[in-house]
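These are the structures, in structure tokens.
Shared between the two complexes below is subunit A, which pairs with subunit B and subunit C, respectively.
Presenting the complex of A and B:
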């Protein structure tokens, strides 16, 4: 019997799954080796046996489970726990699952405020949909709720890496998590000290479009807030990081370099210890735009 | 809850730790809930260490180094000063009051200033802990 794969998505956008489908020939090789038993994005499947939708969530058994998205509601939590029960190895698939991702930006405010702002409109009139009931107190990454065996961050994860990780699990090869930052995989020119001021986010980098990336000056040294130093690398594989290839600064989508790191604090620290004015940054909490789970983003305590 | 706020104080080996030593020898009194962590230089205290202390339940964190311009490692305390601004600015983003963090600069011959800084910090944190008076309690 071929090893079974089970996919599930929680507070996610389907980008991770699309990235898997985008992995080209690697996907064909993978599909010959595995059987996909559950994939709500691609295949129809009923979660519960009873017609009225009540009772335990019932997911098929699988050797490898991939969960994308964070945990924001009781329903997400129930599905996640059912996945953990039915899968031998559970992979946190994408940054939302491993670090909270974009949905965890909501953690900056209390749930009631967030719902009010999003659904009730500017005038405060209107109802919050019944489907939004049962929200947890904040958005969690899945490793805060259940044991996760492999973390595969990225927004989305690099297609080739997804296939490589699943293949490695099938072959029982050891997985070696990369501990390199984006900077360590970036070929741009570094000249030591850069600008002392942080430029506006809308400002473009200075480069010659005809020349390759390794002839471009480091974006951080140009005064752009590039989150390369505090972000886990791997987005570009063996070549330059993806955003740098597009000549824009890294946005931090692979989460912190070390587990438990805080991208906001590390980034400001990196700016301050290199003599840049961190107060030029307008919106500091958004440096945690991809890693707001694990209690990193919290509502500011009100002063009385 | 601890009757006195637990404070983690990172003291540099050359000035503030010696000052704490001298305070002890001189039998100066300061709140017993202060936990001193000796570091070689205040400049080596990474903001993550401060945040970790708070996340693990410390009510306040202090970084105490040599007087500015007199660092044993030339400019380590200036690095600490730059970082302290980052920490103070960031704490509120991360859900802590900025009063929970304090830097101080003093030489090894100034134990009384160290003790004063400890007392002030402890008092400030105790005030943060005090329940906010409600309208009814204020006496209407």
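Presenting the complex of A and C:
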């Protein structure tokens, strides 16, 4: 029997699944080795509720399960628990699953505020639909709710990395998590000391478009807030990080370099050690825009 | 006794949804609803953030069409800051947008929808999918996988990130295109155009011939349509004026910035997705299956219905053939698939047109911007329909208010009508089994929600 794969998505956008499809040949090769038993984007396997009527969801057993998205509602939680129960090895697929991702930005406010903003309407009188019942108090990463065996961050993770991780699990090869930062995979030129003040990204970086990336000055040294120093590397595979290829600063989408890291504190330290003032930094909490789960982003208590 | 049959989750669509079919005492369909319940909260959590960062945040609304949210937001923030992008900035943005349409259409037609037609709605769920297609038609499937990947890799090569892009920036684009890049993209663009022409021919033989029967079983609803055209009435995806067509084919045109005068949003207690209706028709909003009011549709079929013509030759020829057979406006829900492949042809032709424009390699790609208070409304035609981003900023250039109308939102009301109609017809005739329930889902899948 071929090894079985099961996929689910929770508080997610489907970008991780599309990234897997972007692996092209890698995907075709994988399909020759495995049997996919559950994958709502691509196949019609439905939820079956358990015969004992406990309201639990029953999913088919699989050797490997991939879950994208964080956990924001009771329904997400039920699906996640069913995945944990049915899968031998569970992979947190993408940054939302591993660190909360962009949707966890809403953890800066109580969940009632989001409901109010979305449904109140211009007159502030709009009713919140009954279908919105069952929201949790915040957006959780999946490891806050169940045991996760493998973390595969990235927004989205790189296509070939997804296939490599699955192949390695199938071959029982050991996984070697990289502890390189984006900076350690970035070819731009560093002089050691750059601008003392940070600027918003309202005009393009300075570079000669005819020259390759390794002739461009480090964006952080140009005074742009680039989160390369505090972000896990790997987005560009063997070549330059993807945002840097677009000549745009990194915003931290792979989450912290080491598990448990705090991208906000680490980035403020990185700015300080580069001799940069961070007083002018607008919207500091958004340094946690990809890693706001684990209680890192939370509502600010208002002064009375 | 009354009961509810649920399809949960609706599968082979690009998001989370369920269908609940309510049966009365005699077993007749009394109601059927497509429910979508996720509180993403983007309109709330963008507030207070620097506006120039928004295009890199709201692209996470959708991992399949992140370029659409990225660009609608970028255009809206141009408006907030009162900055006019350079002509090349616009060309590069449009190039990325049409490239993103290409991968999306291949994904939807071949990966999600085609298994119903090529493998049949009555085939087992375990083979009625792209994996089944790989086994049934390995050469076709391999080509489909490679062509979709090619469109995505063209974006990655030129613009860094294909999924959750970063290269669109307030004032224009983050990097210019070199002559070498232009030549490489043009060669790949030609390969995509050849594939698009093949795909339409293939579908006419293997898929669309089955439509006549399926259209009859699933039924047809009659609605208005919304899409985007230029001053000459040509189909446009990146910019232009909105054209809102009534059921009888008459229309009004307006700039996206005036959307609030023509469209309004409605909240229903059973769905977290707001519904949009044509306020300007002065008939209110109703999902009454016998007399719906205010309901119009968006996405491929709508765009082809509202435009007078398409400005590229191959797509125009395909449009003429389509109109000759189905008239204007064409109402059949499954015709969305056919229209999707005509748009695929247009997107490929447009890629080559843009790459042939000598201004595209001009190094002046961005106008510098300064933060200021303002309001901006940006719109593009996303694969799933007319996408509108509306933001206001304070004098520090941070967001104070956001309103987003995403493509699928316009189609929630008509999808509910289609689901109800399909459920009523099918359940009247047959026993509830997996095939019947899948046929109801086919009514949703056509809309590509």
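Simple rule for what comes next: the second predicted complex is superposed on the first by the 297 of 304 C-alpha atoms of A that agree within 3 Å, B and C clash if a C-alpha of one lies under 4 Å from a C-alpha of the other, contacts with A are read in each partner's own complex, and residues count from 1 in each chain.
Assume a residue touches a chain if its C-beta (ideal position, glycine included) is under 8 Å from a C-beta of that chain, and two chains touch if they have at least 3 such contacts.
As the structure is a prediction and not an experimental result, all values here were calculated from the model.
S.K.: Given the superposition on chain A, which partner contacts more residues in subunit A: subunit B or subunit C?
M.R.: C
S.K.: Touch test for A:130: subunit B only (first), subunit C only (second), both, or neither?
M.R.: Touch partner of A:130: subunit C, not subunit B.
S.K.: Based on the superposed arrangement, let me know which partner A:210 touches: subunit B (first), subunit C (second), both, or neither?
M.R.: second
S.K.: After lining up the shared chain so the two structures overlap, which partner does A:190 touch, if you call subunit B first and subunit C second: first, second, both or neither?
M.R.: So A:190 meets neither subunit B nor subunit C here.
S.K.: Now for A:264: first (subunit B), second (subunit C), both, or neither, which partner does it touch?
M.R.: first
S.K.: Contact-wise, after the overlay, does A:11 reach subunit B, subunit C, both or neither (first, second, both, neither)?
M.R.: The answer is second: A:11 touches subunit C but not subunit B.
S.K.: Does the superposition put A:273 against subunit B (first), subunit C (second), both, or neither?
M.R.: Only subunit B is touched by A:273; subunit C is not.
S.K.: Touch check for A:85: first (subunit B), second (subunit C), both, or neither?
M.R.: neither
S.K.: Based on the superposed arrangement, let me know which partner A:300 touches: subunit B (first), subunit C (second), both, or neither?
M.R.: first
S.K.: Name the contact category of A:2: first (subunit B only), second (subunit C only), both, or neither.
M.R.: Touch status of A:2: no partner.
S.K.: Could you tell me which stretches of subunit A are touched by subunit B in one complex and by subunit C in the other?
M.R.: In subunit A, nothing is touched by subunit B and also by subunit C.
S.K.: Within the complex, which stretch of subunit A touches subunit C?
M.R.: Answer in residue numbers: 9, 11-19, 21-25, 27-28, 31, 36, 40-47, 72-73, 75, 101-103, 105-106, 108-109, 111, 113-119, 121, 126-127, 129-132, 135, 155-156, 200-205, 209-210, 242-248, 251, 253, 282-283, 286, 289.
S.K.: Enumerate the contact residues on subunit B facing subunit A in the complex.
M.R.: 46-48, 51, 55, 79, 82-83, 85-87, 89-90, 92-97, 132
S.K.: Spell out the part of subunit A that touches subunit B in their complex, as residue ranges.
M.R.: Residues 261-262, 264-266, 268-269, 271-273, 275, 278-279, 284-285, 295-301, 303-304 of subunit A touch subunit B in their complex.
S.K.: Which of the residues in subunit C end up touching subunit A in this complex?
M.R.: 7-9, 11-16, 35, 37-41, 43-45, 47-50, 52-53, 56-57, 60-64, 66, 107, 111-112, 125-126, 128-131, 134, 142, 145-146, 148-149, 152-153, 156, 159-167, 169-171, 174-176, 178, 265, 267-272, 274, 363, 365-366, 368-371, 396-398, 434, 438, 441
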